Structure formats: structure tokens, C-alpha cells
Amino acid sequence: MTDRFVTRGFVGRRSDPTSPPGVDSGRSPADRTPPGQYLTRDFPILSAGPTPRTPLDRWSFYLEGLVREPVTWTWDAFTALPAKDWTVDISCVTKWTKLDMRWRGVSIDTLLEAVELDPMAAFAIAHCDGGYTTNLPIGDLVDGQAFVAWEYDGRPLEAEHGGPARLVVPARYFWKSAKWIRGIRFVDRDVPGFWESLGYHNRGDQWLEERYSGD
Amino acid sequence: MEDERATDAQADHVLDGNAVAGMLMAAFGSEMSAIPGQCAHCGTMSMVAELRAYTRAPGAVLRCPTCAGVVLRIVETRDAVLVDARGASYLRFARR
Amino acid sequence: MLNPIPWRIATISAVHDETPSVRTYTIALPEWPGHRAGQHVDVRLTAEDGYSVERSYSIASEPERTGEIDLTVERIEGGEVSAFLHDVAVVGDRLEVRGPIGGYFVWEASSPGPLFLVAGGSGVVPLMAMLRHRARAAAGARSTIPTRLLFSSRHLEDVIYRDELDRLAAAGDGLEVVHTLTRSQPPGWTGYSRRIDDRMIAEVLDPLGAGARTFICGPTPLVEVAANALDRLGLPRDRIRTERFGPSGP
């Protein structure tokens, strides 16, 4: 970066990385903060459009595409699936990181038990109310790496934060954790999603600081 | 008229194209706020300043005030400004 | 390729408190190209480690004042830039500024009137630039543009530019200022005491007529209410211009 003018006395509203207590006592908060990120205690709301508000009696979740038989769950059936509690650190590409976020939901592994993936299936495209999409290799979603959450911090997930249900992929920048998810389409060729198609990195690993394409 | 006020706190954070005018000027090299464009989804003509702007995001998303369809998307990367204008059938630059 | 809108380094040359939470910064700018009433600038702050934030602020001063501009900034709770400006910045400090920006929400005194201005809180800032420009243009002129400002504030002590607005309105050049105080009113207050609504818009607009050109600026909900009211009154869309500032401060 070229020499930038520095504003006298400006530090910004950022938490001291040594201050928040961590559930993961094995690593310090500073160690848990990916490169270029700042810790926050807030839960900032970022959105690309109006908040969708799908009533639960009209909500459904599907798996389709390169599967032998597509499957759809109603809200009641979906939330009756074996659920788990997850406490994870989240990083957004806009540079905030929040430690120990508590979610409850169903793992993608559990969802995949309901379908038989075609051997050609390599990528998953998340489709959401409001039209948002994001893409991930299937390998990034399995083995406990991702889940669909309907509770945050012990309460039903609020619409502003992606409720009734959102995808959560803690090992990727939070734009991959698609809010208002309604289904996943399995494909053999990757389809860059909403932000991936306009300059953001296709994979988005925050520990490798994969923010923009070409990083 | 209380019931007409937005109860969605998020609605309060919606700005308009005035908020991205600096970014657009840096990208296009000239003032863009008063440029009219046609929404590719519903055909409504709006000036860029009249589009509803969602700026609390990894990029800026400008939506049609009539149908909420995405008209413009703008992302600032380290060394460039990317603009996706596919949501506009056209932008109209008056001849001087 | 020449940068059409370079970042310039400006110096704070004066600071003036307008209300307990609103302050005006006079910024001296080298090689400032001049501006139009209603335009804004982007201000960028950068920390030692490269962390930076940008915000837009409307220019409060009239184009006739050259070499320096006024930015009137409300201190927003949790606002990174406004908190820095209010709590840290002092006269002599330098800021990165780019502009002027804006070709839509602008007004020249040469435009035909009448002029209807609707402001909520700090939304009055770009409209004040218009009124200051109008006053300079009106001075010495034989005819002046009938103008009304409808200005919504929470309490009397929050009314930005209160004294100056009183003076401008007393000049007898066709400007009237109508206040509404939405949270509390002083004893004996006979003005509006509620949020802007359809009826208020209709009443305040009435003397100007349907030919008025309107500028609305303030928190998004207020702008929506006012714009919808004017729409229902049948004012043509192309004579209504809006600038949304996001949610109101505390």
C-alpha cells in the first residue's frame, strides 16, 4: 500500500484483543483473531437488501441438483432433525471478528444423510430468500465444518441476523454463512455466488486472508 | 400514521445513491448521482441518487425504489472499484 | 489518468458548537474547486496500522465562501468518525477530504421557485447551504424565491442554526421557517409538536403551491414519510429530491 496520510489521534472503535474472556482457553483472543481482523463484542448487521420475513408455515428447506432424489423439509421436520450446539469464532470480510458465538442447528453431515450425492457433485450453491447465493466445495461443508442454525445465543435466530435459519461455515469469511438459506443445490461446476462474482475470493479462508479474488 | 412507520430497524439503515456518489465518481470519473437508469427488472426509471442503497455489506447494493431489484452492485477491492450494472437496462448520459 | 476526485489534506481552522451534540468544523482546503449548495464531501480517517473509515458530510457553507468550507457534524453514539471529530480533533488538525460530491441534491438560486425544504435533525445541513446561498443571491436582488423550511428537531435546544434561521427568516425576503419539536416543547410553544406527517406537509406546503421544488433531507424514516406525503399531494416526482441520512441519532 502506498504511503497513506495518518490522522492524528485516530484509533477507531476496536476492542482490545486482550480483553474479552474466551471459552477456548487454550488460545489467547489475539491468537484466535485472523490476520487483518479486529475483535468486536457487537454482532453487526450487514445486509444487501430488505430483510426477508418468510412465515414458518411457508418455510421449507431443500437439497436438490446432483442427488438421486431431492428432499424437502418443512420447518417442523427440519427443526426435529438431530441438532447440536456449536460455539465458534466468526470473521466477516469487513474486518470484525467475534469470538465464542453460540449457535444451535443441524450439521450439513446430518442433512446429507437424507440424500445420495451423485459422484459428479463437487460444489454446493446455497440459495436464499431475497436472492442471495454463495458457493462452496462440498469438502468445505462436511465433517462437522458447517451447519444450518436456527438459534443464536439460546434464542430463535432473528430475521435481521438471517432467521429463521442460516448457513454457518466458521472457517470461511461470514459472507459464506448465507442468511435466510432455503436450500442447497449440488452441482458439478462451480457457480460463483453474489459476492464471489464481484471481486471477492471464491474460497474465502480467513486464515489465509482470502478476501478478494487473486489473493 | 404510526403503523406506517418502519418497524424493521434495518429499514432505517437504508440510504440512497447519494451515499455512494463519491465511490461512483472515483470509478466512472464523473458525477453519477443525477444519471437516470432503467431498472432491468421492472422498467422503472430512477436517477442513481434515488436508488435505495444498502451499504452495510461487503459492497454497496443499489436497488430499485419500486421493485427492490438489484440495479447496481459496487465492490471496492484493494486496487480497484468493481461495478456490476447488469440490473440496469441502461444508464442515460445526456449529451452536453 | 487524472484522478477526478483526489483526496486532499484539509486543516481544521475553526470549531463552533451549534448545540450540545452538534458542532461545526471550518475546514481550510488548498486548491478547492468550489462547490454547489447541497453537495457533500467524504472524510477519511486512517490509524497508524492502516485501519480506516470514511463518512460523508454535507457542506454547510454557501458556495460564495471560498477557500474554506463548513461541515456541521452531529455526534452519534457509537459513531466512529463523529466521535473522533467531537472528542479528539482540534483546530490545527488535518483531515483527508475529497469532493465536492453530488449532482442531484443541489440547488442554485437561479433555479425557478418556489422552494420547499424539509429537514430532520442534521438533515438541515445541506439545506442550510442552500438557504445561505439564497440569502447571498437575494441580497440586492429585486425579487426573491418564496421559500419555506419545515424543520423537525427533538427539543428546542437541539435546533441546529436556530438563531441564524431566525435572522434569515426575519430578513423579509420571502423565507419562512416552520419548526416542529417532536419530544418536548418549551412553555408557551405554539408551533407543531409532533413528527412530520401528511397533514403537516400539506399545511406547510400550501402557500407555496404545487409548483414548488422540494428537497428533503434527514433520517430515512422521515424522508420516506415526507416524500410519500408529497407524492399523495400530487407533486410531480421530478420536483422532489431526497437525501437519506440513515437512522436518527440517540
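Order of writing sets the labels: A, B and C. Residues in every chain begin at 1.
One rule holds in what follows: a contact is a pair of C-beta atoms (placed from the backbone, for glycine too) under 8 Å apart; a residue touches a chain by one contact, two chains touch by 3 or more.
If you're wondering where the values come from, they're calculated on a predicted model, not measured in any experiment.
When C-beta pairs in contact are tallied for every pair of chains, the largest tally goes to B-C. Distances from each chain's CA mean to the overall CA mean are smallest for chain B. Between subunit B and subunit C the centroid-to-centroid distance comes to 22 Å (mean Cα coordinates, whole Å). We define each chain's centre as the mean of its Cα atoms; on that basis subunit A and subunit B are separated by 26 Å.
As a whole-number value, the distance joining the C-alpha centres of subunit A and subunit C reads 40 Å. In subunit B, 9, 11, 13-14 are the positions where the chain touches two or more neighbouring chains simultaneously. Under the contact definition stated at the top, the residues of subunit A that touch 2 or more other chains are 1.
Per the touch definition, subunit C reaches subunit A in the complex via residues 7, 9, 45-48, 50-53, 78, 80, 83-84, 88-89, 93-96. Residue ranges of subunit B in contact with subunit C, taken from their complex: 1, 4-6, 9, 11-19, 21-22, 25-26, 29-34, 47-50. Residues 1, 44-51, 92-94, 131, 160, 175, 195, 197-200, 211-212 of subunit A are the ones touching subunit B in the complex. Residues of subunit C touching subunit B in their complex: 1, 3-5, 40, 42, 54, 56, 98-99, 101-105, 197-198, 219-221, 224-225, 241-248. Per the touch definition, subunit B reaches subunit A in the complex via residues 8-11, 13-14, 54, 56-59, 61, 63, 68, 70, 73, 75, 77-78, 80, 82, 84.
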